[in-house]
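As structure tokens, here come the structures.
First subunit A sits with subunit B, and in the next complex the same chain sits with subunit C.
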Partner chain A sequence: MTEPLAKPKRKNPLARMRQPLLPPSARSRKAHELTLAAASGRFMLQCCSECGQYTYPPREACPNCLSSDLRLQDTPTGGVLLSETRIDVTSDPYYREHTPWRTGLVRLDCGPSIVTHLRGDCGGPGNRVVLSLQLDRGGQAVFFAKPIPETPNMEDDLQWLELTADPKHRRVLITDGRSPVAVALAQALKKAGATKIFIGVSDRWKPFNEQKSLESIDGIELVDLDLTNERSVQELAMDIGAKVEILINTADHVRPAHLFDAGAANTARDSIDYMVMGLMRLAQAFGPVMRSRGADGPTGAVAWVNVLSVHGLSNAPQFGVHSAAHAACLSLSQWLRTELRPGGIRVINAFSGPLDTEWFQTVPPPKVAPKALADAIVDGLKCGIEDIYVGDVAKDIEARLFDNPKAVEREAGQ
Partner chain B sequence: MSGNILDAFARALASGAVRVIDLTHTLSPDFPVIVMPPELGQSAPFRMERISRYDASGPAWYWNNLSFGEHTGTHFDAPVHWYTGRDLPLNTVDTLPPADMIAPACVIDCSAEAERDADFLLTVAEVTAWEEKHGRIPAQSWVLLRTDWSKKRAAAYANLRADGAHTPGPDAAVMRLLVEERGIIGFGTETIGTDAGQAGHFSPPYPAHHYLHGAGRYGLQCLTNLDQLPPTGAMIVAAPLKIQNGSGSPLRVLALVQERSTG
Partner chain C sequence: MAFSRARKPYDGVVLAVPVTVPYQRYSIESAHWWMGRALRALSEGAGISHRDFDGFSVSSFTMGPDSAIALTQHFGLSPRWIDHVPMGGAAGIVSIRRAARAVQAGDADIVACVAADTNQVDTFRKTLANFSRFAQDASYPYGAGGPNASFALIARHYMDCYGATREDFGKLCVAQRDNALKNPHALMKKPLTLEQYMVARPIAEPFHLFDCVMPCAGGEAFLVMREDTAKSLGLPFVRLLSAIERHNAFPDDPVQVRGGWVVDRDELYGMAGVTSDDMDFVQTYDDYAVISMVQFEDLGFCGKGEGPDFVRQHTFTIDGTFPHNTSGGQLSVGQAGAAGGHLGITEAMRQLLDAAGGTQVKDAKLGLVSGFGMINYDRGLASAAAILARAS
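For the complex of A and B:
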């Protein structure tokens, strides 16, 4: 079994904070097919369309029949541990700080043998394991093996924690307490073991219904945060920037507008100022300090989550401004991901379809309950997923965009 | 001595015989703005983003970009702001006659009433009582409603509840009296609007806006320091920004008050 992760002690202010280091990150373009799978939490390998053989590592042609028709596809995860290696000494700067590190050779039931990171309690050769594709702290795909059956405190395995962004013992900032997701998110984070949850609230002079529900959650603190105000964002970062290990940006601004309406430009400006410029202001204020704290102990800064609309991937004309603003947020988020990578901070995008909330009142089901979105975000953090698709609409659009983006665009306009 | 009024005025300013009182709130991001139902267009709040502060973006200078709605902070309402004033001549801030920017003020103190009742309404009765004490309100003067509301902050200032804002203001009859019979130049308040918080339910809705602007008169709101003004005799300087086709603007409002001791 794994030792449960102890609540970290207060830092010694005389001790130097370690600089973040990253595991080796060179990958071929073909190998990024695995990054695609790992980012959304899927286990996929190349499979030959001609002879049906699974292949690893990713190749240009099937080693069995030489067909070039190798397709990435969902793959059975079970296998047998053939051997294990415990690394105590290494010249790699990142792994030097994480020894002993366990790796092993696993033969998958579907054929290929794979070198993989091993959870501490996988036992010895001959044991059954399940494999997953994970993103390491450098954002690259790696394999990870877990034992079957599961063992106590599995989620606290130190190697596993390097591949995830578990809220346990961490402090979280939810940027918009007025968001319909805020209450459910705070509750889910609390349940997941977050020690402190800061919740940003703008315009405290404007009352809002959820304030009482938020205040009743133990361990939360409402803080002044107005994403449209550069000074407000900076002042909060000055106060608590060095205490935020997970930032969840729940900012959203849903206002229906027709492109040709006289007031559409104002709606667009409001939405873009709040969401896109708001994300920019957050990035400028919280990005540098979070990046610097990526190796600040086992519960250092670890993740930045943006709650996005799946229509940012392809415009939904009924919510055209909203879609356009989320598309810009997605682009900014990719930029942020690159900027935060040297700190080992994961940037996670949670794509949701319309929420079951007031602004989507006229949208027919299926809609996403705020609790479902909150649970998916916390689950994504615990599993180290980069692109989370929540609800039927988001999953459908993801699959259809993979297949034919033009069809998604045309059908949305009908 | 000299018969030149401005000479005498300059000496009075220098000697302190005429005091200048600032009736303006600081324009800051935290100051509440009027809130409309969310599906309607909203006034942008005051925001300031730095261009440079003796740094790489401007090594020797400090300056900012500003953004705000026309009706933000202590601000001026021009007649074109309301539909009733839309067809009048000179109804925008850029065409406002400069002579109208300086005018005397009558200050009606209802601070005690507003303290007791957030929905206090100024009615003809209060104006009649005021006139019995201080004389008839002269034409072309401002009427400023003192409520001490400017001393409240944030949520207490906006005073938003589930059924809307609760702040004092005038009723419809008193606005007709002031505009049509007294011929005032404008009406000023310490609250977010010239109208009461619940004035949308009056007949006509928003009577201060309706009657003032329909007659080409002006509004001033979010004023402060009205408690430092005498009931009569203060001179108001209120010059909005010269914005093309502007319906209003934030501005610096000054009051000139002659000290009683100097004769």
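For the complex of A and C:
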């Protein structure tokens, strides 16, 4: 079994804060196919479409029949641990801070032998394990082996914690307490072991329905935060920036407007100021301090989550402005991901279908319950997923975009 | 498919002028400096100008961005035959094979085979990080343990399968250290006991400190030519009786337990007209003792899985039973990058020329040298071996 992760001690203000380091990040272009799978929590390998043989490491031609038609395919995760080692000496500065580091060789049931990171309690060679594809702190796909059956506290394995963004013992900022997902999110984070949850609220004097529910959760603190006001964002960052290990941006602004409506541009400007510029203000205020705290102890800064509409990936005309603003946020999040990478901070996008709330009143089901979205985000943090698709609509659009993005575009609004 | 004909013998192919540029743990020089020293020593040893080398074969991990052609201008060579053999521990024997055919066919008369690498402070880490595409994509990101971590997986599996123990590996390491104490070029100068071996700090289980070679800077070189050329130059020489190479053998083995020698060993002994029992000494590629053990098996000195027993039955010292890695091997001399695969060749040549000094095996007439290299992902891909004989 694994030792449960102890609550971190109070920080010694005299001690030097460790600079974040990343594991080796160079990869071939083909190897990034595994990144594609790992980003959404899938387990996929190259499989030859002519002879059906799975292959690894990623290749340009099938070693069995030399077909170049190697497709990324969902793959059974089971295998046998053939050998293992514990690395005590390494030439890489990142791993040097994390030794001893366990790796093993696993023969997958579908064929290939995989060099993989190994959970501490996989037992010895001969044991059965399951593999998953994870993103390491450099954002690159790596394999991780877990024992079958699962063992106590396995989520606290130190190697596993490097591959995830577990809220346990961490402090979280939810940027918009008025978001319909805020209460469910705070509850889910609390349940996952977050020590403190800051919840940003603008115009505190304006009452809102969820205020009581939020205030009843132990360990939360409502803080002033107006995303449209640069000074407000900066002031909050000066106050709590160094205490935020996970930032979840729940800001949303749903206003239906037809493209040809007089004043549609004004609606768009409001949405973009609140969401896109808001994200940018947050990034400028909180990004640098989070990036610097990526190695600040075992529960240092670890993730930035954007709650996005899946229609940011392909415009839904009945919510055209909303879709466009989310598309801009998506682009900004990719930029942010690059900027936060040196700190090992994960930028996670949770793509949701329409929520079951007032602003989506006219949209037919299926819709996403706020709790489902909240649980999916916390689950994504615990599993280290980068692209989380929540609800049937989002999963449908994900699959269709993978298959044929033009069909999604043509069928939108019909 | 049976296209293969009996191979032409290496009749009349000889090796002369074994050169070792004494190793240094770290060097501020580049690989080219070490190659230059090796070429100078070859030229002095042969008593001819380096411009008379009309063939040039080079192996190095650290000569980038140069290739063999650039080196001709660097060193003022005008060869009519050049070769770059980037095969790590198998490069020495592969270069012999290629050079042998070149001199046999008359494409070249004298081929200078040079292996050299520098070891600047950060060289080893950079070599690991950029070793190969599969290493970059699929092994280096897993702890960046380099060959220690990769071979640890192979060693652990071998121990589980065949009952080898750390003491067995230790016995080979200790014997090689004994041999190295008689070799003035060996970087390791202190005796090693089995107890010291056992309690050394862990590197990557089951490997501890003395299981691992020490990366260093250095060079090894020799000349390949026809017997008549050697005689006209008045050079003492050794004969090449046979040589094999094989790459990516047994790709379906889930873990490496054997190398390509198994495929070709009958040809190795058949071509030479000798058996494994006839060898007066053996120089294996000893990046790790477990790999030497695999070579004892795969080259027919014992059966598969009998390596541990074989080790328990012999001394492996210069004056003992089964003289093995008489220079001290890479484990005690140091691993000078690609030159590591040439170390056994130059040592074997000295043995057969009666020029081995303190490491001389008495009456050595026939020796086997083995090479192994390139852990591309999860296993060493290249295996090679040659049998060399005293001239008369």
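Structure notes:
Following the convention adopted for this analysis, the second predicted complex is superposed on the first by the 413 of 414 C-alpha atoms of A that agree within 3 Å, B and C clash if a C-alpha of one lies under 4 Å from a C-alpha of the other, contacts with A are read in each partner's own complex, and residues count from 1 in each chain.
In this text, contacts are C-beta pairs under 8 Å (C-beta built on N, C-alpha and C of every residue); 3 or more make two chains touch, one makes a residue touch a chain.
These figures come from a predicted structure and were not determined experimentally.
Superposition of the two complexes onto subunit A shows subunit B and subunit C fitting side by side, with no clash. Looking at the shared chain after the overlay, A:226 reaches subunit B, while subunit C stays out of its contact range.
By the touch criterion defined above, A:83 lies against subunit C but remains apart from subunit B after alignment on the C-alpha atoms of chain A.
Of the two partner chains placed by the overlay, only subunit B lies in contact with A:263; subunit C stays clear of it. In the superposed pair of complexes, A:206 makes contact with subunit B only, with no contact to subunit C. Within the superposed three-chain model, A:57 lies in touch with subunit C and out of touch with subunit B [touch as defined at top]. Annotation for subunit A, partner touching more residues between subunit B and subunit C: C.
Using the contact criterion defined above for the overlaid structures, shared-chain residue A:387 touches neither subunit B nor subunit C, since it reaches no partner. In the superposed model, A:107 lies in contact with subunit C only, and not with subunit B.
With the two structures overlaid on their shared chain A, subunit B and subunit C come no closer than 39 Å at the level of C-alpha atoms. Put simply, subunit A uses no single residue to touch subunit B in one complex and subunit C in the other.
In the complex of the two chains, the subunit C residues touching subunit A come out as 124-125, 128-130, 133-134, 136-146, 148-150, 152-154, 156-157, 160, 201-207, 251, 254-255, 377-378. Looking at the complex, you find that subunit A touches subunit B at residues 203-207, 226, 228-232, 255, 263, 266-267, 270. Here subunit A touches subunit C in the complex through residues 23-28, 30-31, 56-58, 63, 82-92, 94-95, 99, 101, 103-105, 107, 113, 115-117, 125, 136, 140, 142-143, going by the rule given at the top. Those residues of subunit B that touch subunit A in the shared complex are 29, 32, 35, 38-39, 41-42, 44-45, 47-50, 154-155, 157-158, 160-161.
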